[in-house]
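The two complexes that follow have chain A in common; it is paired with chain B in the first and with chain C in the second.
Coming up: the complex of A and B.
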């Protein structure tokens, strides 16, 4: 394990260089996963933050509403948040799996030219983490902007609307990065086991 | 020819099973999320139209229960007066009254253009024998106490000019039910029945048994000054009407307090759902760049274009249906109280509206743009 980590660190500059070249060469193809991850993260952040506002309003109304009604609304908002969270994660997983599977032939070429499995593995995981990070950060910023605008329209004061919900930032951006890496990990794990010829002939 | 293309398109989709499955999963998940959030938001938003709240009369321990048609009541923001959104027959009203031992009265409300510039609220009650009008209505109509008020059919003497402080902005005419029915041209119709009772539970049982109606009250209320909610539906119930009244009442409070928050959640999900779907569709074109290049090189671009459109259409329609089913299933399992077919259908139509722009921006335009490039450019794979 330590050897793998050492190997990864020593290869890191070259991995970044390769990833950078790949992104430069396939700009549109790279933008789509990042855009999807950003859209998913935006959704997760905005919904989590807004459902918290809804819950806070329900707490204020607890004297007016019956307990069962307040519970019904709170339950619905929790479901909305949970569904969005799951869908956001699954969309990220789907797009990363597609992104990896569509590059199987590239893996075949790398293997045929003698690049080791560990390096190929590191290449793809690094790229997935990078996509997740960039998409996550962009999504959180856009989500924060959306939540601020909606809260202002709803009558929240500027100072409290501007304050980012740090826990939601962590959840949304962390989810994007982790899910992106894990979703890429699974197909790569399968692909690196293929021989060069199998990878080159693989039809996605 | 189309049948042949259709067969090839299906075969193509099946041949690249993993790719098809992943694209469909991306599309369906987005649609399911959009449907779920929209239905929940719409359920709370649309509930307001059917809400009515009644404050229990605390004098002598008598409670008043209002029996309404299925569409319930709405608060007219212009007049500040509650009006029924529809009426029901006087025969049913009599049956409801009978269930309570005839302890109550029938009411018909509506708007009458009158002679004034602003419409007047007509409030007909079966327990009233004389005509009473509010000060603003008297001013608008130019009548005084004891004077004759000209109505459509004959005229009546105004017995009283009432002080109605909370309705000062609007004119109200309170008159016998039969007269109100004539004036509003709604013969044998009532807006609601008001029942007086000292035993809420017994009344609920009697109503349920005798007129096969649904009746809900706020079970948690113990404070006599807090609202008691009554809601009775006339006739056979549709599934959509089974949303609990408590939840509908919540909608009223929710919209007052949370105003547009849930609506915003729905709009955000709608917009982002489309972006997620579009991104899934565009990626499927990028994945097939080389394939397009090969076909363009052998000169069958137009056929490929047609085939690709057909494949996309099948995929989009199939994924939309799967997504709608998944969304409906989630609603049924997670929020059965909000599972209403009419709201689901309304949201589904909204989601189906995605299809034309999806086909145009996610398939037609990008495929056309790709096929305009040289085969060499496409085969190189760079973007």
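Coming up: the complex of A and C.
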């Protein structure tokens, strides 16, 4: 039974299978990161859409408002969008760190049985990307639903809200995935570099 | 499998399975400097069943961790099948772990989300071994340890003794030169502990697996071919109980 390292592509199905076992076994634990990422994505999507609405209204009002006021209003919505992005990203980072740290003993077991560092790394990054994707998609759907509901309550025409802003969808969901993966990298990197014994008997 | 075994045999005629020379482990615990091992010398030949005895704090577990390549030594060297692990980079050390060494923990250390058979497959799960062959071998090993009817059970659905059997099967999946067991019976009741010991003996006598086990139970020591007493980080006494033909 020669144990030659696999290349990443042939490894991928096995990594997905392993991740799948985790999610199956502990659905409740995966709900928290997914919900957090979804909430962050919802905020980002909402603010992006809001910014566009404000921009459109500014254009309509350009005749009545002075240019400096219009610019100031537009700028503040950009600030709000940026802050929301940062808060969402930090929130995701915190949750991913927690999720990784809670599995530190498992890393010790994997290391002790001779599973390579790159594989362990891939296992955790795959899970983080998966959370990011699912959370991102759920968040965007919620954001779109919110937009529809708001328009319904306003009584304005539904046509503009029914067609989601695809660019915003891409930005919000893509951002969620990337942030989730990047946020997980740091704690994973730290743990993978420990020796098997340090990981197994880690003291918080 | 046959091929791998004959290769192991060839190597064993040239090198001892384990050669520990002047091994020191010093670490800091808070502000205190702990000298866990102070110049340990030990050679383990193929087919031996070695029992490491000593009170807690004598350095048994530290020595096992070092031999199994789970931790780094401070001074000296350890060679496994003639391969020095002192300066081996982490990637090669982990390869050595799943090719040559099986480790059995006192607290089993199974992955809770995986079934018994998947836990046994774990060391080779991400290597280029054919998935079907791997499954077949894992099932065979579980049958060998008497768990042929518990393949799909999760660790939480198994008793302590059964979990330890799974971890024994896991330690054997890579066809190791050496199986290292750290107090494998300490968490088990007497009867189950005895069953686990019988299993290790059976692996040693009938399958030629070299075994290194730590304990503070003198009953365990009776099964060994050689007993090594460790005290305060040094080997203080050695007893040969029976000769082993290599």
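Here is the rule we use: the second predicted complex is superposed on the first by the 191 of 204 C-alpha atoms of A that agree within 3 Å, B and C clash if a C-alpha of one lies under 4 Å from a C-alpha of the other, contacts with A are read in each partner's own complex, and residues count from 1 in each chain.
The rule is simple: a contact is a pair of C-beta atoms (placed from the backbone, for glycine too) under 8 Å apart; a residue touches a chain by one contact, two chains touch by 3 or more.
As the structure is a computational prediction, the values presented were derived from the model and not from experiment.
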After the superposition on A, what does A:200 contact: first (chain B), second (chain C), both or neither? second
Could you look at A:170 and tell me whether it touches chain B, chain C, both or neither (first, second, both, neither)? neither
Could you look at A:113 and tell me whether it touches chain B, chain C, both or neither (first, second, both, neither)? second
Please work out whether A:26 is in contact with chain B alone, chain C alone, both, or neither, and reply first, second, both or neither. both
Would you sort A:152 into first (chain B), second (chain C), both or neither based on which partner it touches? neither
For A:83 in the superposed arrangement: first (chain B), second (chain C), both or neither? first
What part of chain A is shared between its chain B contacts and its chain C contacts? 25-26
Given the complex with chain A, which residues does chain B contribute to the contact? 15-16, 18-19, 22-23, 25-26, 29-30, 32-33, 36-37, 40, 44, 218-221, 244, 246-247, 249-250, 253-254, 257-262, 264-265, 268-269, 272, 275-276, 279-280, 282-283, 286-287, 330, 334-335, 337-338, 381-383
Under the stated contact criterion, what part of chain A meets chain C in this complex? 1-6, 10-11, 14-15, 18, 21-22, 24-26, 105-106, 108-117, 119, 195-197, 200
Over in the complex, which chain A residues touch chain B? Could you list them? 25-29, 32-33, 35-36, 39-40, 42-43, 46-47, 50-51, 53-54, 57, 60-61, 64-70, 72-73, 75-76, 79-80, 83-84, 87, 90-91, 94-95, 97-99, 101-102, 146, 150, 153-155, 203-204
Which bits of chain C are touching chain A when the two form their complex? 1, 4, 65, 68, 70-72, 90-91, 94-99, 101, 103, 105, 109-114, 118, 122-129, 131, 133-134, 137, 154, 170, 173-175
